[in-house]
Amino acid sequence: MSCVATFSLFPLERPDQGSFAPYVARTIEIVRESGLAHELGPMGTVLEGDLADIMRTIKQCHDDMRKECGRVYLTLAVDSREGESGRMRGKVDSVGELLK
Amino acid sequence: MSCVATFSLFPLERPDQGSFAPYVARTIEIVRESGLAHELGPMGTVLEGDLADIMRTIKQCHDDMRKECGRVYLTLAVDSREGESGRMRGKVDSVGELLK
Amino acid sequence: MSCVATFSLFPLERPDQGSFAPYVARTIEIVRESGLAHELGPMGTVLEGDLADIMRTIKQCHDDMRKECGRVYLTLAVDSREGESGRMRGKVDSVGELLK
Amino acid sequence: MSCVATFSLFPLERPDQGSFAPYVARTIEIVRESGLAHELGPMGTVLEGDLADIMRTIKQCHDDMRKECGRVYLTLAVDSREGESGRMRGKVDSVGELLK
């Protein structure tokens, strides 16, 4: 099984009023420690792996952010199918081939 | 902690070509068995509870659908904050008060 | 054509730090004025109609909120298909029939 | 005003049963013709610009796909705020700085 997922996690209530960047950076650190294939984008972070690992990692990011922030918002989308891994890049490449 | 979540889960590849309703009905059965507070809507199912329980239940729904369907799509949004439960209705009621 | 949509719109930066309820109430007022079929839920508002009307209405809600709030977040999901209207309730009813 | 958006558009009912890649490629062609800054990712396409232009372009993609497909699904998330453009890359760069 291969799950490609994108998630976004940010505070709705927090002790400071500055940029979200430090919160996102902390999330990416936790994702890196997970060992999951990942890619940071402007509107979310893409992960690839087992759904159980993906959910565990996102929950860690959530729990970490909730320690500091009274309210957080999380969105997740998952494309789950049979087959080999490497779809995170494969999905983009297969479209790119058609656009050449 | 109280998490209010909405999720949507549907097949992208499947053995039949009929309505999605039987797939959604099976998902709702699994949600009912979880004991989580829930509410079926036209575009997703709302759950309330601990994030761990919410994720476990949604993963069960996913795993069940993947037994029959070669590819499925899942979306999830979570509003997580301090405080008591009962927010699933409370969030709507607090807006309704202002609209009277 | 019938589009059933769900959207969520909330401030990320705003002049106050209270509940989101007054912002959601203002959004619902704009939705009511649009004449679109709608239903307020705990995690978003469901609309049914033409995609052009749905997008125009959501943009009005966005523009209105941005007058007061320096940053807002919007999510939208649309299920668009052939056929008659009334799917907002029909989708739920067809699952409910199977669960009896 | 600067809106950074990510959207995903795919068929739920369609005349063929192959890869989604040709559908995504057609969507990207329409996005390219729009002149909006954009970036194709594994789980969606990021756009930056005015919300009206973003919505118009996504509606064109939707209308084009609906010509061939009896049912399509669309998701959209928008981060809308004051300020200069270039946030599509700026958002990622500001996190990258903190991760160095």
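Some points to look at:
Letters A, B, C and D name the chains as they come in the text, with residue numbers starting at 1 for each one.
In the analysis below, contacts are C-beta pairs under 8 Å (C-beta built on N, C-alpha and C of every residue); 3 or more make two chains touch, one makes a residue touch a chain.
Molecules present, by chain and UniProt name: A, B, C, D = YKOF-related Family protein.
This is a predicted model, so every value here is computed, not measured.
Of all chains, the one whose mean C-alpha position sits at the greatest distance from that of subunit A is C.
When the C-beta pairs in contact are tallied for A-D and for A-B, the bigger tally goes to A-D. A separation of 18 Å divides the Cα centre of subunit A from that of subunit D.
Between subunit A and subunit B, the centres computed from C-alpha atoms are 20 Å apart. Residue positions of subunit B touching 2 or more other chains: 12-13, 73, 75, 77, 79.
Taken together, the touching pairs cover every possible pairing of the chains.
Residues 10, 12-13, 17, 20, 73, 75 of subunit C are the ones that touch subunit A when the two sit in their complex. Within the complex formed with subunit A, the residues of subunit D that make contact are 4-6, 8, 19, 21-22, 24-25, 28-29, 39-44, 46, 48, 75, 77, 79, 87-89, 91-92, 94-99. On the subunit B side of its complex with subunit A, the touching residues are 1, 12-13, 51-52, 55, 59, 62-63, 66, 70-82.
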